[in-house]
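Each in structure tokens, the structures are laid out below.
Consider the two complexes below, in which chain A is the common component and chain B and chain C are the respective partners.
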Partner chain A sequence: MNETTTQQPVIGSVLRASTMGFVCGTRSQDIGHPSFGAFVRTQHEPGSETEVIGLIYAISIDDDPLVRQLILANNMNTATTRDQRENRMVPVEISVVNIGYIQAGRVYHNLPPRPPLSLDPVQLCDDACIQQFTERFDFLRLVLNTSEVPTEELAAAALLHAASARPPEQRYDFLVAAGRQLAGLLAHDLPRLQHLLRLIKPA
Partner chain B sequence: MTLEFEKVVPQVERMGRALAARNITLSERGEIAWQMFQSLGDLDAIHARIQLARDRDAGFRGAAPLHEPVNRAYPRPDPPRLATILAADGSQVYPNTHGAALYYLTNVGVFVYHHGLDELPEQLTEPVLCYTDALLHDERGQVISNAAVNARRTVHELQVLARETWNRRGLGRPLLAISDGPLLFWVGKDVPDGRQLQDDYLAAMVHLHDAHVALQQTSGHSASTIGYVDRPTSAFVVSLVYLMSLIPDEVRAAALETNGPLEGLIDQWLMFRLLRPGERSALFVQQSPQNKRYRDRGESYEIVFFYLNVGQPHAYHLARVEMPAWVAKDPARVDEVHALLMAQCEMMWRYPYALTRADELAVVRSIERTQLDELIEIELRRNTQTVELSEKLEAKVVRHGRTRYGERRRR
Partner chain C sequence: MVVGDTLFPDSDRLEDWFPRETAAPASGLMMAGRRLGVVVGGSLSRGLDVKLDRETVIEDLAVGRYVVVRGSHKRFFCMITDITLDTTNPAIRSDPPDLSDPFLREIYAGTAAFGTIHVAPMLTIDEDEGEPRPVKTIPSHFMPVEIATAEDVDDVFGREDPTHFNIGAPLELEETQINLDLRRLVERSVGVFGKSGTGKSFLTRILLAGIVKNQVATNLIFDMHNDYGWAVKDEHGVQAKGLKQLFPDKVAIFTLDDEATRRRGAKADHIVRISYRDIQPEDLAMLKTTLDLSDSMIDAAYELQKKWRDEWIDKLINADPALMDALKEELSSSMASVQALQRRVRRFERFEFLRPEVVADSATEILNHIERGKSVVLEFGRYGNALEAYILVANYLTRRIHAMYVEKVEKALGDESLEPPQLLITIEEAHKFLDPLIARQTIFGTIARELRKYNVTLLIVDQRPSGIDEEVMSQIGTRVTALLDNERDIAAVLTGISGAGGLREVLARLDTRQQAIIIGHAVPMPVVVKTRTYDTEFYAAVTADGRPAGAVADTKIKTDADRARDRDSRRIR
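Coming up: the complex of A and B.
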């Protein structure tokens, strides 16, 4: 796993992208770090002033005929499993929805001016970046309006990630403030709001 | 113009009826062949009959039993605790006279699996790009045929397999080198340097034998070599059954041109009756001038084979396993080959895992071919060469809607 200057792991490289989101690829043995709802960022090029910020909403591993055959034969051992995972480089696809960008140190909760490019490295955001990005909650509107994504679960997972990026004494207040923002956004849809609040309810 | 299915469908229906009718007559003849096969219990009588055919130069191309009774099955033995299995396969890009440059490429993949260990299997590929006039043209200046590329690839496959087996002779455990396809190698007249290629192939066999001898001397283990033929359509045993059905006076070249009333039957008919999953047939030697040439190189190099049912109780599947005599004449080595192949096939349902992976390593996919062509085009332009595709290729690109970089869309 590559390490960058911020010590956050590179979880993959961009396969395809649009302003709405992107998909990055990685090898199957490298999926220890990314998780659902995690904040990630990409840079167009080293030293670029614009960083696209996104949330992981899906991690998928495609099958292939050989894997199907192995499962059918039901006679796998450690060597074949290692061969499949380490030699065959079974690609893992990580889907990300864009929720904003950071340009010249300023946070924008809006779609980025242009998507990342193929092979741009994708990195998990560190705690400082997450705190900076989630000082306001405007990005939640983008998340809740995203189609083809489990929006409530994604918003909840992102908020829990953002809470855990803060010192323990700030987490409760952060989640309460997030709940208030959600109440405003989902005032017209109480069942959805209720579900979301249950998901982020502090322990 | 696309294929007009309304014209093809009636033909497909006729084809289905014809094949069904043929299978009925084949099954009747298969029953006759099975009855005759079961009666082949006298090895001396079989060898005497084959010798008679040889004496009369009758051109018998069937199977001769090595030393085991032919009408019985041999059960699956236990595999060795540890072994290393090497499998090689190859693929190629044929020369294309319509492309930007004339070249061909062969790619050999080798997969190394350590049986009984949790070690990560090894894999390697060896691509060779051939572009010189000497390699691309025959002595008449014509571009070499696809058969010539296949022959060169086959030789390279066995050379790489021999080298990798030799390099592992110090492992101190049994080795099994698997080549995809038959071990008997010969080339047609359209292949330049055919004699040289056959010599090179035999030299690789000698190299494999050397690895075996070295392993035997250092650890007492064997390095066995086999050629694996999946779903064989051979009729060597049927030919033997037919030969044994003749009276001595009938054993003549004219009678042996075909398998007489058994013509059209393949050995699979008999083997599916004889072998349950996991069982192998007796060892046979294929009678052919090519095999005689191998035998002339040394008795250890004559090619012997057995059939193996690698299927399941509800779905039989046959393979022909060829091996040099240095393997076949030692029952312990034959057992080792038999058991290891079954262990390999079980991993993939009914085909050796190592060969599947070697094939996957070797194969050059069409997208990779396109990328290679693009790389060559770029390199030609960098060297200030004019790049011209033929009109035929350009027309194909237009018809098939080939897209360039930046135009590809994901489904």
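Coming up: the complex of A and C.
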């Protein structure tokens, strides 16, 4: 785990956190990598036992007084726009929902025992980590029960991420297996199930 | 879609989508011992519900198939009685997913929508005891259900040995075989039923070949359509060997129509002739419906016999008007009845086997053969199409032989070494003999009812079991039934069978060829078999290891120990 950790870019640092999830802040030019539904991980300190695994469910850019004024101004030049984007005082916020943790090499699809601390670095998970974490599908239940999040879209995006982390010949079978798990979880709610299956259906 | 996916090939070649039979992976999945699903509910009285595994192809299952539930220390033998489609959410019925998409199909199949089978538990084998017993309990939840293996089937039906005869394979388990306990088969009456064209006579021939080969009983076969003696052509014109060709030393052909027998290339051992003197009024009573006789005509027959003794038929046929006038004074019956009776009886004149003069007693000749352990096939030749000839002869001979048997058995006073051998009488169109109106009076009704007391049992072959007297039907120990589709016939066959509801579905869905369900005394549990093919392989099997003919008498008579063993509780019906 640890040797691959360094290969993945750090997308930000923890801004605020709870056991349910956390928000990581970053500069606006650093948001090229993270995307909706991506798997991220955070470690309190390098080499610590527990890594929290989460899914990105929202990326938001808040306003600040300067941008409000700039929007009202006419004839804004590109330099000003770039300056506002790159040097603004308010960080881009990446919201993450916790879906499990890895402790001593073992995967738990459960809420982490304690949240990450502020300013802990947040990285995207590499393919090996995603494969290890998605060998079983118990995390889907946590995702589907999350409130204030479009859960079907989040679960679908996460599964597509997890599928693309696998070799091409395994992707179809992985999605079928995930679909069967979903069919069990959402047996009571067929419209949701059908919508979700349409979202993860391979092209 | 993944390349190389066998279920949904990415190809425009038709063969990839619909592989030929040989390449179909599904057929290989239905092998013996393969897991089908798990028990999820049910009860002893209603049967068990089994949720099928996702991999189980529901279309490959069939009612009547034989499955085993492996409990923690018992094996439960069950028969599939129903197959259902189930869903976790009933709402899916109103909004079914688009299953033209292979991805969705793979997901929904076995999860939100799945198959269940209903199985009737019939026997258990405790791993410690090894003996099959009737079910008194059911397996616990989530026990695996598998297709029965050859070993399972043998544990229940017994291995092939001198008294167990391989009759065919259980449904869809071609590599296993059902071995029928022939001793139990012949010790009570047997019925072979099935609508016409379902292979009743081939089925009967296989049973008879087994009985002759293993010498468990001697047969007397009233061969209406010349199906059993020398050779028979099946519907495709292929000639199959009759019993005489298979067992020349153990079978004798008797014939009523020597010409027809010779024309078919066979040589009759004896030509049966019956004298008018031997025919009794009660033989006519059997023909009541066939000859359209009224009660008063039968009364007249009794009266005439009393007057003229043995010559009554001869005299009646030849009676001229003057004699009839004279009779008018003497008889209490109306002359109209007597004249009507005369017209009916004159029909006998076209039967060449009926002779006015005294002839050698064919019944004694048959009995002599039987006592030597030789089975007798009585061919009717051209008279097979005349129902009255068939009924008359079968009834007459059986009455005589039965009387001799009764006498011999009673003389033996329980000493089994003196008793005549077990006799199995085969009759076709049995409902004509065992009609509720006449079954109480006829000899066949008597034989069926008095069971094995006199070592005579019946093998009745019929296509309308509903036409057979209910009391007689209840005495039929083993019922071998090919396809029946008439509701009343199905109900008649299943009378007195426990768990009949499930079997009804099985019975109505048998194939029209080579499939039969065997229920009753000879089998520990009802079983659907694909019967053996009656071909050269079969000939070789029944003739190869047969014991030398002649060494009959001592092997076929049962000892008390045998009977005691047979009575044990292995049986459910």
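Here is the rule we go by: the second predicted complex is superposed on the first by the 194 of 203 C-alpha atoms of A that agree within 3 Å, B and C clash if a C-alpha of one lies under 4 Å from a C-alpha of the other, contacts with A are read in each partner's own complex, and residues count from 1 in each chain.
Throughout what follows, a residue touches a chain if its C-beta (ideal position, glycine included) is under 8 Å from a C-beta of that chain, and two chains touch if they have at least 3 such contacts.
Computed from a predicted structure; not experimentally measured.
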item	value
Overlay on chain A: chain C relative to chain B, clash or fit	fit
Which of chain B and chain C A:193 touches, first, second, both or neither	second
Contacts of A:176 with chain B and chain C, given as first, second, both or neither	second
Touched partner set for A:69, first chain B, second chain C, both or neither	first
Arrangement angle, chain B at one end, chain C at the other, chain A at the vertex (C-alpha, nearest 10°)	160
First, second, both or neither for A:113, with chain B first and chain C second	neither
Smallest distance from any CA atom of chain C to any CA atom of chain B, in Å, after fitting	43
Where chain A meets both chain C and chain B, residue numbers	none
Complex interface listing, chain B residues touching chain A	113-114, 117-121, 123, 346-349, 353, 356-357, 360, 410
Parts of chain A lying in touch with chain B, wherever the complex brings them together	16, 66, 69-70, 72-73, 75-80, 82-83, 86-88
Residues of chain C defined as touching chain A within the complex	1-3, 5, 54, 88-89, 91-92, 95, 97, 101, 103-104, 106-108, 110-112
Chain A - residues contacting chain C, complex	169, 171-173, 175-176, 179-180, 182-184, 187-188, 190-191, 193-194, 197, 201-202
